[in-house]
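So, here come the structures, one by one.
Below are two complexes that have chain A in common, paired first with chain B and then with chain C.
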Partner chain A sequence: MKSESRDREIEVEGCDAVLPSPFSKIRSLNMQLTLEFGGGLELLCESVKVHKVNVDTPNEAEKLTMKDLLSWVSTNLIKERPEMFMKGDSVRPGVLVLVNDCDWELSGQLDTTLEEKDVVVFISTLHGG
Partner chain B sequence: MVTNGGGSGDADVSRILSEIETLKVAKSDIERRISLLESQLCDTATTANIEGKSDAVSNGYCPLISAVHSNINHDLTPDSVYRYSRHLLLPSFGVQGQSNLLKSSILVVGAGGLGSPALLYLAACGVGRLGIVDHDVVELNNMHRQVVHTEAYIGQPKVKSAAATCRSYSDGIFCFVVSVLRSSDKEVFSRINSTIQIVEYQEALRTSNALEILSQYDIVVDATDNAPSRYMISDCCVVLGKPLVSGAALGLEGQLTVYNYNGGPCYRCLFPTPPPTTACQRCSDSGVLGVVPGIIGCLQALEAIKIASAVGEPLSGRMLLFDALSARIRIVKIRGRSSQCEVCGEDSAFTQQQFRNFDYEKFTRAPLSPLPLKLNLLPADSRISSKEYKEKIDNGESHVLVDVRPAHHFKIVSLPNSINVPLANLEARLPEISKALKEEEECKADNSDSGASLYVICRRGNDSQRAVQCLQKMGFNSARDIIGGLESWAHDVEPNFPTY
Partner chain C sequence: MEEAVTKPTKKGGARLCCICNQSRAALKRPKTLEQICKECFYEVFEEEIHQVIVDNQLFKPGERIAIGASGGKDSTVLACVLSELNRRHNYGLDLFLLSVDEGITGYRDDSLETVKRNEVQYGLPLKIVSYKDLYGWTMDEIVKMIGLKNNCTFCGVFRRQALDRGASLLKVDKVATGHNADDIAETVLLNILRGDIARLSRCTSIVTGEDGPIPRCKPFKYTYEKEIVIYPCSLKCSVVIEKFTYAYFKRLDYFSTECIYSPNAYRGFAREFIKDLERIRPRAILDIIKSGENFRISTSTKMPEQGTCQRCGYISSQKWCKACVLLEGLNRGLPKLGIGRSRGLNNDNKKEKDVTQSNGAKSIESKQCGTLDF
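What follows is the complex of A and B.
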């Protein structure tokens, strides 16, 4: 997703995006993303809040959507109580999803297209006080 | 010169004491006369003032305090000029900002970790009328974060304690206090320095009283600690058209935003469906670093002050996320008002009557005034009381005690000779329990023929039941839980046992 408000504090290691192969029409992009979990969701991924990950686009797809990312996160990062993260094919009620510091409702929710070095935050709303 | 005893020393002391006494009497007489004169001055000024002349406070669409409450000065008194001079010196705030503030009314729901700092700053800054709602009493384990309360008020209503502190904050040399006890005796009005009024609501906010209370204020600050209250307060603010400054804190994180401000989203636009109850952690279970709600509460006061004074840009349509551990504050853009919102949306017809009848506890499957959970999963013969367990120890019964609390709880306090196997790891660590039972049996083989018993304990007696269910399923048929956990041990057996 295009955004001016990219988090500048995130250090990005060497850019190693896979270039499209000239020999094949079937190409799978590898995208470097920063995923952050907060408001207790980090407990579902071994208490690690910030994850720098490389995600492949699904077979033959030329883009990576939030829907693809959610399924990747469920498979690769969520280690326990998956029902605390997902409900159906989206996040459970009470979880805010932010793509480059912007509510995913404003960028198309599950259909949001992700771009290299995007920062995606999953945060559970707090009720304490 | 200091004298250690002796007639002349005693005479000196008594002379000084008597002089102090005389001066104190004179001082209190002067103070009383000043008070009287100030009250006369205030009455004269109020009568001389013509209502409704001032500029509107552009805080969304909420009514001006002057429209609700007529007994407010429009101009800053000389005392106010001096007291709020540092506000007046701010070019962007100035006389207009302070004047708006003095005419505004703010309701803080919850006098806990968030409400404490919010109330302190709101009382000090010169909000015209400050309401406090809370049904709870002050406890020792509140003190590390609920900084508005003092030890002297432990066991007393939080509202009373918070109001007393707020009054002392805004109480100056020129203050006079007039208390009017309302017929309901639930609300005590106290006017301080002719501009600040503190109103106490020593009751839980419910659908039955929320409309009446909230309608008397320009701005509402949500400083509560549970999901049903948050939905209820937001809905009530929508129905009444009040801006809502919402804050939350837990553990080492905090969140802040302004709802229902100038066409912005409400709580339900963001969270149309309540979260599962298991996702609603509480400070009393998960812990909270005291300063974290302190920071969020201060920011709530700031947002409320900005709206009340009509200065600056409120945090509407944006949310502040605070992570204390990594020292990061992130401000994100959130969705606008949802046209499909069931309460504030275009087609919504959510009325005051519907609000009154709405069951927020059912909607969120959580109680408005949460009490600790008390499960009852096991038959009576799978449970023993803490007193019975004490007898078994005294009789030297051969047994193993498994404490299934998380390791960091176990470090706070534990019973002697208990072994810590957290519930989350129970299945994986069954061999440890088998081993402990075997050792116990070998050790006391001569005076027992039925093997060692297995008891399970936790903090309050819920996880211990879950653990016993699991253990019995895995073949440990004799496993039994200690009813009420360590809390009941502290209550019924060992009063000096630390509780948390």
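What follows is the complex of A and C.
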């Protein structure tokens, strides 16, 4: 958050208009993640269970949170019935999320910060047993 | 909590398991909100089920037990845990896997493959009974005839009976099913919504059908679906685990595709509602089960009497059991027979005065989506 506002200040105050834009591009980090879908959720992304993906952090942000990842997933991976995956700005209740084999309820759910090479697993419990 | 002293660094990585205080917590238990590590999770998960089995005297030494196996997560985990507990605590049980083949191409044939792998993985003998053999119809053929409207009624009624028939072929003393706490809470709500007082009074029992030939039990009655799903999931590919006693566990293999004939309308709503409640307060699930258990049905309430089907001898509150009525309809080319407000074959046996009852009777019969039978 801090860096974001600093960047804006530069943009406003700086006399050289060319500077800010390449700067903010550098700031956006690219992160390699492994995403796994299970319990039927893979059907929403063309029946592929494991996705190795590269995700950019949102503009000028230095970190990627689960919240950012969820919106990235819904736009880039979920091909059908998005309501089976998302509800509001989080996953649909009944979808379990594990970040590096750890329940995301322990890491702050949407606020969980992701790092390079993290493994995120989504499993639906909504199917019959 | 007290652990809040530990600085919540990234990914809660510093949080230690509140049971062993040594390993990193990996799961928040819905039942207790405890944060525990994987090793402790397996331990409490399995031992809690053991406790439920012991406290409720679900099994006796030497009994033959069939595990109703669909290839789905619940029955797969049940087969895994029961065979493990049977070994560990010397239950002295003879365990079998019992599957029903409804004859649904692209769904059941695939999930039966999963069950067949389970047979090898756990070394449990498997028996498959098919609708085709028992009734002369596969679900595919039934759907071809009746369409997608009441197909779940057929499937549910047939499955319930098929499981009993398979169980008697295996000569087992009891059938264990994988119904979990979420399923039962869901069913309590559904039975309230349907006004199905008869099912409401028995859907929370951990053992049902004790008066019948083959009782059924639900060892997962108090087990959260979340933990059932995490159980196999966290067993996989974990380097830590492989070093410990669970080395011999492979990733549990289960099948998780929705039945192609079941858009799952009514139960789906209840299911979603339960999950919404769970997110706000996980205890809600156990509380709903508790409420279901505490329902006292006034003694003056007229309940459907249990008799036997005059045609096949199966338990039935009517002259003919539901399966025979449905089958008769199919074979006579009148598939609507026995669907909804039943005015068919059983009519003569019911007094017309029973109008007040007929409401109850109707909802008892119109059970949708049979994956869960209570």
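Just so it is clear, the second predicted complex is superposed on the first by the 99 of 129 C-alpha atoms of A that agree within 3 Å, B and C clash if a C-alpha of one lies under 4 Å from a C-alpha of the other, contacts with A are read in each partner's own complex, and residues count from 1 in each chain.
To be clear about the criterion, contacts are C-beta pairs under 8 Å (C-beta built on N, C-alpha and C of every residue); 3 or more make two chains touch, one makes a residue touch a chain.
Predicted model only: the values in this text are computed from it and were never measured.
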{"item": "Partner chain in contact with A:Lys49 - chain B first, chain C second, else both or neither", "value": "first"}
{"item": "First, second, both or neither for A:Gly40, with chain B first and chain C second", "value": "both"}
{"item": "Touching partner for A:Met84 - first (chain B), second (chain C), both, neither", "value": "first"}
{"item": "First, second, both or neither for A:Cys102, with chain B first and chain C second", "value": "both"}
{"item": "Touched partner set for A:Thr113, first chain B, second chain C, both or neither", "value": "second"}
{"item": "First (chain B), second (chain C), both or neither touched by A:Pro93", "value": "both"}
{"item": "Common ground on chain A, meaning residues reached by chain C in one complex and by chain B in the other", "value": "38-40, 92-94, 96, 98, 101-103, 105-106, 121, 123-129"}
{"item": "Of all residues in chain A, those that touch chain B in their complex", "value": "5, 7, 9, 38-40, 49, 83-84, 92-96, 98, 101-103, 105-106, 121, 123-129"}
{"item": "Residues of chain C defined as touching chain A within the complex", "value": "8, 10-13, 15, 24-28, 35, 38, 70, 72-75, 178-180, 182-183, 225-226, 228-230, 233-234, 238, 256-259, 271-272, 275-276, 278-279, 371-372"}
{"item": "Chain A residues within the chain C interface of the complex", "value": "38-40, 43, 92-94, 96, 98-103, 105-108, 112-113, 115, 121, 123-129"}
{"item": "Chain B to chain A touching residues, read off their complex", "value": "110, 112-115, 223-227, 230, 247-251, 253-255, 270-276, 278-283, 286, 288, 293, 319, 321, 323, 326, 328, 330-335"}
